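Once you scroll down, you'll see the structures, which are given as structure tokens.
Shared between the two complexes below is subunit A, which pairs with subunit B and subunit C, respectively.
Then we have the complex of A and B:
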């Protein structure tokens, strides 16, 4: 089974480190990759797609060079990453940027800096649960890490192996 | 030259009065009496013998305006003489007086048929008309003069309004800066206290941890853990690319270790890491494996201490820039190094500048007498404008240097489309903005460059715009060192 990756993009090393550190519990099942610019993130996405799938992107808004919103828009337009869950992590954003992200990139969540650890966990758990529900058939491996109630509900609706 | 003899008025009066066919009557009037009213019909004409009569014309606005004065020897009702139309003017006696009044029909009849009458009255009538025509010409000239004066006054008023507007903008700006200054002083005070305790705590936690490490494990391992702390505190963050590469290598080398642990190990200096690996692998007891885990934990604590220190330093740096930018002593003239203000401005605009490549070349310049916070406003406006001109990406160059003796220059250059020649004057006028068309949801007020120019001119400096050789606009501010 191809692994489902989480990609974090943030240009300030200390902040990037903090996001990755906070997400460590998820890494038991979802390997985390990171990048500090959109150009680098594009390469990492190619690399991830050669080895697995991209489940979730957590992206800073203002980055050197190309900004986070335009990266999310381009991910959404690529059929291989259209289903990737997208979270914008930002210290400041105008309404128009946010509207663009929601409308054109199908942004799934918007997180303001500074974030709280539990808040980030809840968002990531919900988004990964959504991704897994849409793309996976075997849901048992995710029960401990993700939203067990939602996964369990789906599992109950699935036919038992004996029924086939 | 032929002159028409005019007989003395009294003689004419007596002659006319003695001719019964003229049907004339001597009428006296009082001051203020209306003798003819504009728009009404009169069937008589009168020769003024004594007193003065004012002629008035009603204008479209309803007011009555004087257009001339009748004096003895002039006729009242002469304009109706041939046409028999309604009165063109209102006639009001200015003083008491007398006039010789005759029926109009009789007057005309005698004028055409009685040579003696014609000889007496003809030259009078002609003189009357000539003097009225003179009056018309005079009035034309007066109107032209008034129009000219009015135009001059209008121009002066426009200039005054522009001046007032500039002053108002500047007052608004000063007021804003004063408010900002007060806010910042308050915020700086509130933030500096927690930041001070934050950085003091980060400093003190290091010896505390060392002591704690010296106590807990057995003597041979102490050195290793103390080193882990030091490594963590002194470690420079790796570029994400290199970090990813090392993480991939470690994952192959130690497939059993969890990724978060490997990610931390990837941060460790390779030489230090190999020592550690040698220590554990050369004699892989349970204790040593445990030690590896503890080593990573302590290393991480070290990186956290470093992050806290760094963050505290950054916050105090930003607070310092904010204070420098908005200078509470803003109204005061001070001798300053302009580079401080330029740096503070760049720090505070940092978030907006991330998209661009920023090249800063601040050479040594003499200190300038100026109002520092006002000049910061100039830098801010010029830099913000440059960013807006560049859009999503570009190169911003900020430079300063010594100019001709007694002058310094500051240059803000962008790689945008540049300023068309025909707009170079206009862009400095208040109310001129290109942002309205470009970004209708967030229109500019068109005050940025106007304010910048006002401030620079108050410092007896100049602001100029030109094209950069490599494309884009260059705004150059020239300031005299003596300043204000």
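Then we have the complex of A and C:
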């Protein structure tokens, strides 16, 4: 089974560290990668795709060089990452950028800085659950970390494995 | 196509052809044909070049073609016949020498194509002709010119017999159980009962493991082991989120589910398909085992192994945390249809458990939910379509194979090769149970019992006289032993689901499953020796 990665993109080291620290409970099942610029993020994405799948991107908008929203748009256009769940974690995205993210990158969630830990957990859990439901058939490994009610409901609908 | 499948197909075809090429002394021609079908089925079930239920369908098709009265083989084989030649007015006829057996019998061909055996008076026997006298023979009734022809000794069953195995009463019993289980899943009765079972155990991790074993065991006695495991996994895996990553309690909790499900399946005739197959074989022999009798026979070993499993799991994986809070959602559904289910389920269970009082077979009672649940709209077409038809076909193949093996004389021939009486009854029963346990670790439990049940019945036919041999005990031992075949991760679908959770490693399953499986098997031998034979007196 190919692992499902989480990618965090943030240019301020302390903020990046805080995001990764808050995501620690998910790391047991979802390896976390990080990048501090879009250029670096593109390299990391190539690396992730060679080893597994990109399940979730948590991205700041204002970054050195290319901005976060245009990176999300390019991810959405690539068929290999079109299904990746996309979250914008920012304080400075204006209305037009946000609209672009929603319309062209199929943005799944907008999270304003500063965030609360429980809030981030809930968003990440919901987005990863959605990704797993859309892309995985074997759901048992995710019952502990993700939304068990939704996964359990799907398991009830699934055919059971072979005979006894 | 991989090597295993290729080997399986070649083995199966070789097994099927062998009896057509080699003649085994003492075995009739239909016996040879059945042996070929049996070898083909065994090779295909062991290596699975095609899904196991399709092998069962093939078995039924081959039996209809090759063994039934209406099948092409019996239809198109023209036996050699001769017209009696009148040589004297006093009902004396001349026949070919081969037409008359040494006991002075001829086989008269009837218009329907079958034969009547007639005793005749042999007047004179020469090298190539025999003169006989009989009032029943006439010049217009042909007789079989070779009395040793296989058709003379074989009264083929109608093809209906082989097709009817799909509607065997035991399959109906299983059908009723499956429909009740499906309806329980639909109205979340399984979840609500789990909550009920786990409420009294509180937050003590040790008691929670026991509660899980018992809850899974009880549910799996009425539902399929696999469905129970799937449901319980969705209940317990979320509970593990709050535990330390390396707390052994996680392993104990996840192992408790498949182990509880496999053990619980032993408890009732409908708990798992192997039980039903053993029961079907017994019923065919005229030995009825009512629902409640099975439960009484199985309950002690189920209870003891559940408690032993609890001790083993706690010993191997001692919980580190002092407290595990379990908050389970899912109250009882109070809609009118759910109430309908509770009533039908309760009534069916009540009638099953009181069979001794009212005398109506549990197979007949099982049709009550089959009729009532769809009629009151409690289940619909969706649930009917979702029934495990593959399992029903698999069982039907086994049942019809058993019928063929018995009616063609293959059974007596196979077991006639061994000096059974020298072994003693217990040794034979123990050997069958051990064989079942060994096979069940590698094969589907249902296939194991499907293969072994006809063999056990054949052995019973010959060894019936051996001291202490009891067919009911033998078949129950075979069925129960197969349920303990859980030492390997591939052994059962519940194990596969538990492995899929990612919480446990192969070594955990091998250690705990192996230990509990072997202890269970040892207990099967104890039961076979001391407990189960008591029910046959």
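The rule we apply is simple: the second predicted complex is superposed on the first by the 161 of 164 C-alpha atoms of A that agree within 3 Å, B and C clash if a C-alpha of one lies under 4 Å from a C-alpha of the other, contacts with A are read in each partner's own complex, and residues count from 1 in each chain.
One rule holds for everything that comes next: contacts are C-beta pairs under 8 Å (C-beta built on N, C-alpha and C of every residue); 3 or more make two chains touch, one makes a residue touch a chain.
Since the model is a prediction, treat every value here as computed from it, not as a measurement.
**Student:** Following the superposition defined at the top, how do subunit B and subunit C come out on subunit A, clash or fit?
**Tutor:** With subunit A aligned, subunit B clears subunit C, so fit.
**Student:** More residues of subunit A in touch with subunit C or with subunit B?
**Tutor:** For subunit A, the partner with the higher number of touched residues is B.
**Student:** Touch test for A:145: subunit B only (first), subunit C only (second), both, or neither?
**Tutor:** second
**Student:** Considering only the touch criterion stated at the top, classify A:17 as touching first (subunit B), second (subunit C), both, or neither.
**Tutor:** After superposing on A, A:17 lies in contact with subunit B but is clear of subunit C.
**Student:** Counting only touches as set out at the top, which of subunit B and subunit C does A:160 meet: first, second, both, neither?
**Tutor:** second
**Student:** In the overlaid three-chain picture, which partner chain does A:62 touch, first (subunit B) or second (subunit C), both, or neither?
**Tutor:** first
**Student:** Using the superposed model, determine the angle subunit B, subunit A, subunit C defined by their C-alpha centres, to the nearest 10 degrees.
**Tutor:** 160
**Student:** Could you tell me if A:36 is touching subunit B, subunit C, both of them or neither one (first, second, both, neither)?
**Tutor:** In the superposition, A:36 touches subunit B alone.
**Student:** In the superposed arrangement, which partner chain does A:28 touch: subunit B (first), subunit C (second), both, or neither?
**Tutor:** Both subunit B and subunit C are touched by A:28.
**Student:** Between subunit B and subunit C, what is the shortest CA distance in the superposition, whole Å?
**Tutor:** Minimum over all C-alpha pairs: 9 Å.
**Student:** Using the superposition described at the top, list the residues of subunit A that contact subunit B and also contact subunit C.
**Tutor:** Looking at subunit A, the two contact sets intersect at 28.
**Student:** Can you tell me which positions in subunit C touch subunit A when the two form their complex?
**Tutor:** 52-53, 185, 224-227, 230-231, 233-235, 237-238, 240-241, 245, 265, 272-274, 329, 388, 390-391, 394, 444-446, 492-493, 496-497, 500-503
**Student:** Which residues of subunit A touch subunit B in the complex?
**Tutor:** Subunit A reaches subunit B through residues 11, 13-14, 16-18, 20-21, 24, 27-28, 31-36, 40, 44, 62-67, 91-92, 96.
**Student:** Give every residue of subunit A touching subunit C within the complex, in rising order.
**Tutor:** Touching subunit C: residues 28-29, 138, 140-141, 143-145, 148-149, 151-152, 155-156, 160-164 of subunit A.
**Student:** Could you list, by residue number, the parts of subunit B that touch subunit A in their complex?
**Tutor:** 237, 239-241, 243-244, 258-260, 263, 303, 307, 310-311, 351, 354-355, 392-393, 441
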